[in-house]
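Quick one: structure below, then a few questions.
Per-chain numbering from 1; labels A, B, C and D assigned in written order.
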Amino acid sequence: MYVVIWGIVKFIVLLILISLYVLFMTWFDRKVIARMQNRIGPKLIGFHGLWQPIADTIKSFWKEDVIPMGAYRVMFWLAPVIFITAVFATAFVIPFAPPIKTSHGLFHFSVVHVDVAVLFVFAFLGLTSFGVLYAGIASGGSKYPYIGAQREGAQMISYEIVLALSLLNPILMSHSLSFEKIVEAQTHHLWFVFYQPVAFITYLIAMFAVAAKVPFDLPEAESEICCGYFVEYSGMKMGLFPFGQYIAVLVLSAIMVIMFLGGWTGPFWKGCFFVGLIWYWIKIAFFIFLFTWAWATFPRYRYDQLMDISWKILLPIAVLNIFWTGFALAIGLPII
Amino acid sequence: MSSPDIRVVELNMGPQHPSTHGVLRLILRINGEKIEHISPRVGYLHRGIEKLAENMTYQQFTPVTDRLDYVFSMNNNLGYAMAVEKLLGVENQIPERAQWIRVVVAELDRIANHLVWLGTHALDIGAMTPYFYCLREREMILDMFEEISGARLLYNYVRIGGVAKDITPRFLDMLKEFLKIFPERHKEYDTLLTKNRIWMKRTKDVGVISKEEAINWGLSGPSLRGSGWEWDLRKKRPYLFYSDLEFDVPYFSEGDVYARYLVRMEEMLQSHRILEQCMKKVPDGPHIMDEFKKVSKPIKPPAGEAYGYSEVPTGELGFYIVSEGKNKPYRMKIRAPSFLHAYALPFAARGYLISDVVAIIGSFDVVFGECDR
Amino acid sequence: MLFNDFRKGLSVTFKYLFKKPVTENYPYEKIKMPQRARWLHHFNPKKCIMCKLCENICPPKCIYMTVVKNEEGKRELKGYDIRIDRCIFCGLCTEVCPTKAITMTDVHEFADKDRKNFHFNMEQLSKVGQEEEKKVG
Amino acid sequence: MLDSSVIDALKERFSDGIVEVTNSSGDDIVKVKREILHDVLAFLKNEKGFDYLLFITAVDYPKREKRFDVVYQLRSTATFDEIRIKAEVGIDEEVESATDLWVSAIGDECETYDMFGIWFKNHKGAGGEKLRRAFMPDDWNGHPLRKEYPLKGDEFSDRWLDKYLPEGQRHQPEHTRMP
């Protein structure tokens, strides 16, 4: 009973936090990109337009909800729900702060604490592409969503493999699938990024692709296939797709920080909860900023080039890297 | 077993599409993402400008030429004015100061057009930021044009026999400031795009047009120079005083989107070079020939016909005017480079992917005010 | 260096993060128009000599001039309407006017939801410039 | 100005096909018979180096017996000379298409057909498409650049649009008309 109540409380807190985060992120993206482009950005509502996302949300709730005539209605409704549920589920296992010791044992700042958190995240990240595929197919023969969904499907398959293979290296080195244990392993050594720079880079590239952000935002390339899979959506149903994307950005950044950058460990004041919290979020914020920064700077890859990068460059490198890690671990090279 | 016909999907790109630069409609037949056939449909912005010309006096038609390619209105005015002057036989009597102003505004307008082109082309390929940087510099040019002509986009400034109004001292100050700033700003776009590996991957070996094809397809301007033709009307058939100015005609033999991009980037610098040479000496004198000073006085060219052309940023803009000795043209045909470029698209984009079609449209700089007329 | 092109591009955008935006704060700060700005017409009926040059030169034919003969047999300007929705702001009417009865002002904020409000008659046109002066003064 | 060798060669090759050689504002104009038009163009392109087609258009003279002039403007990439070929075409006569010589003729021929109603025989567009209207809708009546075609429509000229509009929206846009 205690566990269930705690779970529900944690879930509600997570829901509120994530919603606030997404609202803030829409403002942050617009403001930062505007400043990078020598513009002002949102400025009218609230302090420097800080309430703009709330106004936008209210507006999108009041918008007319258009369902195309030829759409498969059930699937059309289901697609954003599947997408948002799957993305949201990945956030369940992400620790939002370092664990603290209580009388009942360790208290974890994640909705569910599982020992195979990495597997959990990958299972649900894979599910998100179903939401997108459904959205594309359910739009009733509309061709742009269809192409967008095709792209998303191919992109997800190619890059999830790279993503998982890059994460295998820290897992091999820490002998664990649990985020807390992986972070703990990095307190004894240097951060894994120093042992595994190649895996770090492959993960970084695959991260952009899995989150479908520039320069890999092909499923929704607005200048080619006019926003791709959610062309036919309107109102809040449409808003759920970017909402989910922002959560994916957060989750992928958090995994990046946990796996390669030592999570909440920092160079000094080790063990202090608040210092660890600040370290943790500074690192995550940097990667979230990196997403925005790349959005403002880079053009977009082409579909075949995207596949080339995944299957011809990243995948062989990632596989070779695993061999190297396994070899080094087996013979006990001092680099580990 | 699926027959090949089932695999081919017909996709309607446009007339409302973010990157067809206005109202181009392309009916793509795609196999997967590969283009099998393109059928371009134009005419969604057709306003019957050629019919209007037959019912307007020569002076009345000048503001209408603004509406051809609204991104470089000055050059349209200039092309029209030169065609009528050729018909009248007064092309050698334009005052020196008017010629100077014409060259300056034409080159400024060329930079302005290439800036818009660069921004939108980058936006098509996914880079968002160059657009805003480009418009920032274009704003300076528009301010200059507003200072001399009173309008920001549709100037109605270059008239038959000269220009409408004399330039002001403030214009010269603004021009000096712009010339000082522009090269470093140009470098920024260069840093963002030219050597970027994504940009190169997206544009190199895409939309390759050979030298013979380029001529056969009727391409002109930077699109032709990207295919290896060193062909600039300002050099080959110098008008105004372009023969006295030093400038290079950039050309690349690759013929792909990247080559056309490089041509336009280099052309901006060459225009800057021309402007700096112009700034050395500002001739005095009248800004318009005396007989054309009054707009209400009718122009009656002798019966005959003339084809006047000029090098505008997109290519060769020509006006074929047939006169019957009245104050209205009997027939006016506008040779619009965009129209020919739009009809060259099915040949240029065949066999590439959907994403490449967008890049190729952008590289031709098709604007539909001019294409549809 | 690896990814040198990316690094350079990123540095350009990052540099602008700390620069002052160039955006004009338009509706709150009015733009200063140059002297030659071609916007809404001002018409002075006292100066008009009813030569109809402006009506003839107007490319979209949006100027309508009504001239009638009064009891004394003299020509009299009855109406002078401009349909601003069709006007292309080319400025030819002001150029041909021999007495500068019609001029163009820098009044550019006259957007409206109804097309009928774009039929400017003589009284409205003659007030155009003055209103602006009052606002400024 | 073109040197006379090209025109002499034309006269020699198509002795009685050349109707008239004139010059206007420095442009050379050669008027030929409609039947040999395609041969003249092919001759100029293949043997005289006029390999750049600038435009194709037509001029309407309604009072003449054969009312249209089809105009071809050619340019040589080597010497930068220009020549204009004209041919008189009656209202129900066809012209041999130049799309086998120049791809750039596709758009111009579509436009000339659209605007004047001159049919180009053997026109082959991209992928073997047929000659169609370039600007106007496919079911448009009339050819706008003919002299008898009115400049402005009357109040019924938007009627063709009605069959595309849903019930209740079938009204004429008010702003397109004079008061």
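Throughout what follows, a residue touches a chain if its C-beta (ideal position, glycine included) is under 8 Å from a C-beta of that chain, and two chains touch if they have at least 3 such contacts.
Computed from a predicted structure; not experimentally measured.
Q: Set chain A aside and report the joined-up groups of chains, separated by bars, or one piece if nothing splits.
A: Remove chain A in thought and everything remains one piece.
Q: Tell me which of B-C and B-D has more C-beta pairs in contact.
A: If we tally the contacting C-beta pairs, B-D comes out ahead.
Q: Look at all chain centres (mean of CA atoms) and spot the one farthest from the centre of chain D.
A: A
Q: Go ahead and note the Å separation of the Cα centroids belonging to chain B and chain C.
A: Those two chain centres are 27 Å apart.
Q: With chain centres taken as the means of their Cα atoms, state the distance from chain B to chain D in Å.
A: 24
Q: Between chain A and chain C, what's the gap in Å when you average each chain's C-alpha atoms?
A: Centre separation, chain A to chain C: 52 Å.
Q: Give, as an integer number of Å, the spacing between the C-alpha centres of chain D and chain C.
A: Each chain's C-alpha centroid was found; their separation is 40 Å.
Q: For chain B, write out the residues touching at least two other chains, lowest number first.
A: 129, 136, 192, 196
Q: Quick check on chain A: which residues sit in contact with 2+ other chains?
A: Where chain A meets two or more other chains at a single residue, that happens at 36-39, 296-298.
Q: Residues of chain D that touch two or more other chains: which are they?
A: none
Q: Considering only the defined contacts, which chain B positions touch chain D in the complex?
A: 37-40, 42-43, 46, 48, 50-52, 55, 86-87, 89, 213, 215-218, 229, 231, 236-237, 304-307, 316, 318, 320, 322, 330-331, 333, 335, 339-340, 342-344, 346-347, 372-373
Q: Which bits of chain A are touching chain C when the two form their complex?
A: Touch residues, chain A against chain C: 32, 34-40, 293-294, 296-298.
Q: Inside the complex, what are the residues of chain C that reach chain A?
A: Its residues touching chain A are 6, 9-10, 12-14, 16-17, 19, 21-23, 25.
Q: What does chain C use to touch chain B in their complex?
A: For chain C paired with chain B, touching residues are 5-6, 8-9, 12-13, 22, 33-34, 36-38, 53, 56-57, 59, 88-92, 95-96, 104.
Q: Over in the complex, which chain D residues touch chain B? Could you list them?
A: Per the touch definition, chain D meets chain B at residues 24-27, 29, 51-55, 57, 59-60, 71, 73, 77, 80, 82, 84, 102-104, 106-108, 111, 115, 125-127, 129, 133-136, 144-145, 149, 151.
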